[in-house]
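Dropping the structures in below, format is structure tokens.
Next come two complexes, and both contain subunit A; in the first it sits with subunit B, in the second with subunit C.
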Partner chain A sequence: MPQVIIDGQTYEFEGKHKLLQFIQDLGKEVPFFCYHPSMTAPANCRQCMVKVGQFVKDRETGEYELDDDGEKTIRWFPKLQTSCNIDVADDMIVHTQETDALVRRAQKDNLELILINHPLDCPICDQAGECPLQIQTYKYGPEGSRFEVKKVHKPKRVTLGPRVVLDAERCINCTRCTRFTEQISKTHQLTITSRGDKNYPTTAPGREFDDPYSLNTVDICPVGALTSADFRFRARVWEMNQTPSIDITNGKGCNIDLWTRDNIILRITPRYNGEVNDHWMPDDGREAYKIFNENRISRPLQKLDGEQILSSWNNSIATFIEQIEVRDKKEILFIGSPHASVEENYSLQQFANLIGINEVVFTNHIESGKGDGFLLTDDLAPNATGCRLLGLKEQDQTELKNRVKAATMIVLVSDHFVDRGVLSTTDLDGKYLISFATNHSETTKIADLVIPITTAAEHAASYVNVDGRIQRTIPAKETKYSNRSLNLEMSVSRLDRYGTNFDNWVTEDNKVDCIPLWNFISEVANASGLELSFDDGRSIMNKISDKLKTFENVSHEAMDDQLGIQLSLNPKTETPKVK
Partner chain B sequence: MSTVDWKNFEPVLIPDIKDLHKIDVYEKNGGYQALKSILTDKKKWADPKSVVNEVKEANIRGRGGAGFNAGLKWSFMPPADGGARYLACNGDESEPGTFKDRKIFEYNPHLFIEGALIAAYAMEITSIYVYIRGEYLPYIKMMEKAIEDAYDKGYIGKSIFGSSFNVDFYVHSGAGAYICGEETSMLESLEGKRGYPRVKPPFPAQKGLWGRPTTINNIETLSHVPAVINRGAQWFKNIGAPTHPGPILYGISGHVNKPGVYELPSGIPVIDLINEVAGGIRNGKKLKAVIPGGSSTPILRADQLEGITMDADSLRTVGSMLGTAGMVVMDEDTDMVDVLWRIAHFYHHESCGQCTPCREGTGWLEKVLLKIKNGEGEVRDLDLLLDVTTQMEGRTICALADAAAWPVRFTINRFRDEFEARCKKSVHALA
Partner chain C sequence: MTYEFTTEDLKEIEKIKSRYPEVKPATLPVLWIAQNRFGHVDPDVQKLVAATLDLPEAHVHGVATFYTQYYKEKKGKYVLDVCTCLSCQLCGGYDMLHYLEEKLGIKTGETSNDGMFTLNQVECLGACGYAPMLQITNDKYVNNLTPEKIDKLVDSLKKGEEPSYEKMEMPLRKNN
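Presenting the complex of A and B:
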């Protein structure tokens, strides 16, 4: 097998590898800025310099040439090489900064040059704390600068588009952003303008950077040149908690991180999953941070004399039981939701079955034309496939209307039918409507009983994407009834650990008074003497896994280990084809 | 060192013939006969390979500055596979001090066209592009006219001279960027993209214009080809310096009495070129320094020129290069700090900005030099400049960083006294 010697250590390899990626895959490090594993390597930052040589072989005999000491002769490349674009080859010898003073010197020189025109405004820069330039300067850079003349001035606070702001002075011209629009989003909206140290990325004159994936350029920008119009100046990176989760704004289920401070989600960034979203996510998914924070329903609401008033949990449980008991079960319609998790739909389905209602229905949320064949899908719900796999009955608009007409009581989970135009208020007129929901909407407004439930940011639950991949969320926000230090899954930041009530960022009001749907159902079952109890998302998934063959290998632990699990979909539950 | 007999040399590229740029006049003077010969004389030129071999044998060293054997470059083209293959002729000519190709565009465009056509035949090329710097607007028009005339006469187009050889010829105008004279960024520019040099490998012969095999030659280099075909490689090799043979267009500018472009054999003594060809230093001044071949080639002091001739090997002995043979002559009144600042300003202005060392380094060099020029510099700044040049050199994709670093390094090293004299004496007064 071909071999390569890196810093004196021999490694075997197969196939084609670029040296920088190969070194990284070994868990070692070479500093770089312009390289990105999902895009071409332009080798323009010149930071990943290493010394590369090759053992000399006699052309005819194929034997190694030996020097006077009997060691194999090495022919070094006359110049240092950028490791990002050089192929790993048999008999290659590589010296990185770990073993070679020349390489260390070259990397230091390069950082000095990168920094001469960089504003060094880290204290007011959003990127500080997660800035490759900052990190690598501390690690490999010079101690100071010998640059005593005037820096280049370039445009600042340029609104490139609705979501991205440019500070051209911070730009180190790595072209990651322009390559992103060329190679990944393929809108070609960004290009480099001007020459030499005056150049910076921009759009064509008069055009906006309104790429549906524009915020990915902010993520991959190795400095603070591109910032999110929404998030800039809102938080320092080190003040936030980072919690892995799943994008619930469409059917793709992009892997994401939720960033919270003081129990408020401040931003959403993509998390790498080669099977789903690579390093990227659509801008739409990032907007979702608002639905976790704003317009939330806190405490149950109940209609009294035609008006919704705040109720108590005990009262709402009693009302729920009462309304079910006074009716013929045939008149009650349970509607699950593609917007709710597998665990939520399952607990609803189990409860319905237990009280003698065998069918729970749902209606998918498709808007054709929304999909783009990349990370946006026509399906705007994260879990339609999950509903099908659980055996919920899919109904189109007409079927649903007929079902509603025949019922006198409707139990609705996380679906805003009035808002999305599936049902009208007249359709629901005279029905007793119980809405389990996270946010206020036109649909919850007309409900007789509104039960606030947790969002994907507050519970651990699973969603099956359009391709049949089941992935799960981890709670990032506390509710009134959950606690970071008790829920071991939740991330704990320095502020959480050491902050006191006197700190700026500990606000009790930012906790929503809501509980997971399954907990409410357990309470109801308990109060009405039914044998049904759910603990948390993890145990519900274990039950589902025992019961349904499709989910047999699924558990929260397995999903964590494998970044989600691909389920085998039988033809009956085939998902609608996405454009 | 044998002296080259340059006084009796008959010019080949720009002979003294009236209206040679007109196709009729060019034909009357033996024009397009070399092309006819390779396409019709199957006894002499059995196949395209034989043309490549003859050119390789002649050792036409590239006149664009790198001095690589043109025929050898041609032989790097992979075998034809039926797809498109390109010849990109580099007439960007943007190195300061260089103005030779414009003479060819102006006085003998058909010679270049014929040379390019022969090269195209030799490498089985399907399309020829000639990239001319945007500032040469009149010559772009002249080239367009010349190409049109050659099309009308059937020298370009389908089945030239009744053979199966077809080729198209296009003029492409640059837009004023120095970097587009670098061969791979010229390809980017031809493709309609931003002029950023490409990472090599892959080399243009493997993946060039639109990903197809491409050869890039300088205008003057190609213009030598018809004579090599007509008169043979041996004739060419007998002209001038043995290791760097053939006629060269010397572009002489600066403080001489008769600046201009002179076609003479390679290897003529630098002193003869200044004093006899260009009429000596103007106003009877003394020679101070010479930049032998375009602004990026290391400058030479007058005292280094003794016995040095205009060819790559001789110039290397004193630490310089032939480059484009665009010579800049400076008299004793020249302020070297000013000269160097002006050169550094040029490279700062023209760095494409792709690679860090060049983008940032060129600006740093210029700013520090400006400080010294204004009398604000300190002696330590000179060492800083030398240090920055080592930070730039050999660490970029193309050679612009080298081209920017060398003048600074060599001018400071060779005129250090003058630079130190311009610096402030000390940071702190001793008394």
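Presenting the complex of A and C:
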């Protein structure tokens, strides 16, 4: 097997590798700025230079040439090589900055060059704390600069597009952003203008950078040149905590990170998953932080004399039971939701089955023309496939209207039918509407009982994407009833760990008074003497995987280990057994 | 302002395109055709080039701004690039530049009111042997400048007569 010697260690390899990626895969480090594993390597930042050589072989005999000491002779490349675009070859000898003073010197000098015109405004820069330039300057950079002349000034605060702001002075011209628009989003909207020390990325004159994936350029920018118009100056990176989650704004289920501070989601960034979204996510998905923060329903609401008033949990549980008891079961319609998780739909379905209603329905949320074949889908709900796999009955608009007409009581989960035009207010006139919802909407406004439930940012639950991949969320935001320090799944930032309740950054109002749907159902079952109880998303998923063959071997742990699990999408999905 | 290529230009562009396996390399020569036709490649012309070649506007903009020889704004009929790099500087390049400034009544980088001349100060144009020198609109060199030579040049340019190419000779090294 071909061998390569890196810093004195011999490694075997197979196939074609670029040296920088190979070194990274070994868990070692070489600094770089312009290289990105999903894009071409133009080698223009010159930071990843290493010393590379090859053992000299006799061409005819194939034997190694030996020097006077009997060691194999090495023929070094005449100059240092950029490791990002050089292929790993058999008998290659590589010296990185760890073993070679020349490489260290070259990397240090290169950083000095890059920093000549860099403004060094880290204290006011959004990128500080997660900035490759900052980190690598600390690790490999010079201690000072020999360039004491005035820096070149370039445009600042340029609004490139509706979502991206450019600070050209910070730019090091790695061309990651222009390559992104060329190779990944293929809108070709960005280019580097001018040359020498005056160059910076920009759009064509008079054009906007309105790429539906534009914010990915902010993520891959190795400095603070491109910043998000929305997130700019909102928080320092080290004050936030980062929680892995799933994008719930469309059917693709992009893997994301939720960044929270003081229980407010401040930004959403993509998380790598080669099977789903690679390193990217659409801009629409990043807007979802508003769903988690704004316009939330806190405490149950109950209609009294035609007006919604704040109620208590006990009251709402009692009302829920009462309304079910006074009716013929045939008049009650349970509507699940592609916007709710597998666990939520399952617990609703189990409850319905237990009180004698065998069919739980749902309507998909498709807007044709929204999809683009990449990361946007026509399906605007994260879990339509999950509903189908659980055996919920899919209904189109007319079917649903007829079902609603026949019912006198409707239990609706996480779906805003009036807002998205599936049902009109007249369709729901005279029906007793119970709405489990996360946010206020036109639909919750007309409900007789509104139960606030947790969003994807507050519970651990799974969603099955359009391709049948089941992935799960991890709670990022505390509710009134959950606690970061007690729930070991939740991440804890420096502020969370060391701040007390009396410190001024803890705002109690940011916690929403809501509970997961399954907990509410457990309470209801408990109060009405039914044998049904749910603990948390994790145990519900275990129950589902015991019961349904499609979900065999699926558990929260397995999903974490494998970055989600691909389910086999059989055309005939089994109906769940009634307990 | 809207610009349009003439039929001959379009024919020429087709010919250029057929020279390359892809369209992208045609950007440079087509920008030249545009500049020769319109005198500059301002953003509107860049858009025309992008539309003609079916290339992204951003790409054409990037190429046009990379090269100083493409004029990104309207210039005078004649662009006088006076070299002030080392050899020319030593032989009086700045004197020539200042003489031209005075003569044309404009400062370096400006265009005269009649739209005839734009005066630029440039770095080495590779004619150190005949310093000081200037270049007319990316084309002909005028070498061994003197105030008299400049007077004559400006007069003839005003009449629309461009000087012809000047054959310059360097003393050959004797090998024996």
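By our rule, the second predicted complex is superposed on the first by the 568 of 579 C-alpha atoms of A that agree within 3 Å, B and C clash if a C-alpha of one lies under 4 Å from a C-alpha of the other, contacts with A are read in each partner's own complex, and residues count from 1 in each chain.
Keep this in mind: contacts are C-beta pairs under 8 Å (C-beta built on N, C-alpha and C of every residue); 3 or more make two chains touch, one makes a residue touch a chain.
This one's a predicted model, so the numbers in the text were calculated from it and none came from an experiment.
S.K.: Answer with clash or fit: subunit B and subunit C placed together on subunit A by superposition.
M.R.: Pair status: clash.
S.K.: Counting residues of subunit A in contact, which comes out ahead: subunit B or subunit C?
M.R.: Subunit A has more residues touched by B than by the other partner.
S.K.: So, does A:419 touch the first partner subunit B, the second partner subunit C, both, or neither?
M.R.: A:419: touches no partner chain.
S.K.: Given the touch rule stated above, what does A:172 touch, subunit B (first), subunit C (second), both, or neither?
M.R.: In the superposition, A:172 touches subunit B alone.
S.K.: May I ask you to decide whether A:79 touches subunit B, subunit C, both, or neither, giving the answer as first, second, both or neither?
M.R.: In the superposed model, A:79 contacts subunit B only, not subunit C.
S.K.: Just to be sure I read the superposition right, which of the two partners does A:112 touch: subunit B = first, subunit C = second, or both, or neither?
M.R.: In the superposed model, A:112 contacts subunit B only, not subunit C.
S.K.: Tell me which partner A:43 touches in the superposition: subunit B (first), subunit C (second), both or neither.
M.R.: first
S.K.: Classify the contacts of A:152 with the two partner chains as first (subunit B alone), second (subunit C alone), both, or neither.
M.R.: After superposition on chain A, A:152 lies in contact with subunit B alone.
S.K.: Give one of first, second, both or neither to describe whether A:188 is in contact with subunit B, with subunit C, with both, or with none.
M.R.: Only subunit C; A:188 stays clear of subunit B.
S.K.: Classify the contacts of A:203 with the two partner chains as first (subunit B alone), second (subunit C alone), both, or neither.
M.R.: A:203 sits against subunit C, while subunit B stays out of touch.
S.K.: With chain A superposed, which of the segments 171-179, 243-251 or 369-377 in subunit B collides sterically with subunit C?
M.R.: Stretch flagged for C-alpha clashes with subunit C: 171-179.
S.K.: Under the contact rule defined above, give the subunit A residues that sit at the interface with subunit B and also at the interface with subunit C.
M.R.: Shared contact residues on subunit A: 191-192, 194-195.
S.K.: Where on subunit B does subunit A make contact in their complex?
M.R.: Residues in contact with subunit A: 177, 179, 194, 196, 199, 348-364, 367-368, 370-371, 384, 387, 390-392, 394-397.
S.K.: Could you pull out which subunit C residues touch subunit A in their complex?
M.R.: That would be residues 43, 46-47, 50, 56-62, 65-66 of subunit C.
S.K.: Mind listing the subunit A positions that touch subunit C in their complex?
M.R.: Per the touch definition, subunit A meets subunit C at residues 178, 181, 188-195, 202-207.
S.K.: Mind listing the subunit A positions that touch subunit B in their complex?
M.R.: By the definition above, subunit A touches subunit B via 41-47, 49, 78-80, 85, 106, 109-110, 112-114, 116-117, 146-147, 149-150, 152, 172-173, 175, 191-192, 194-199.
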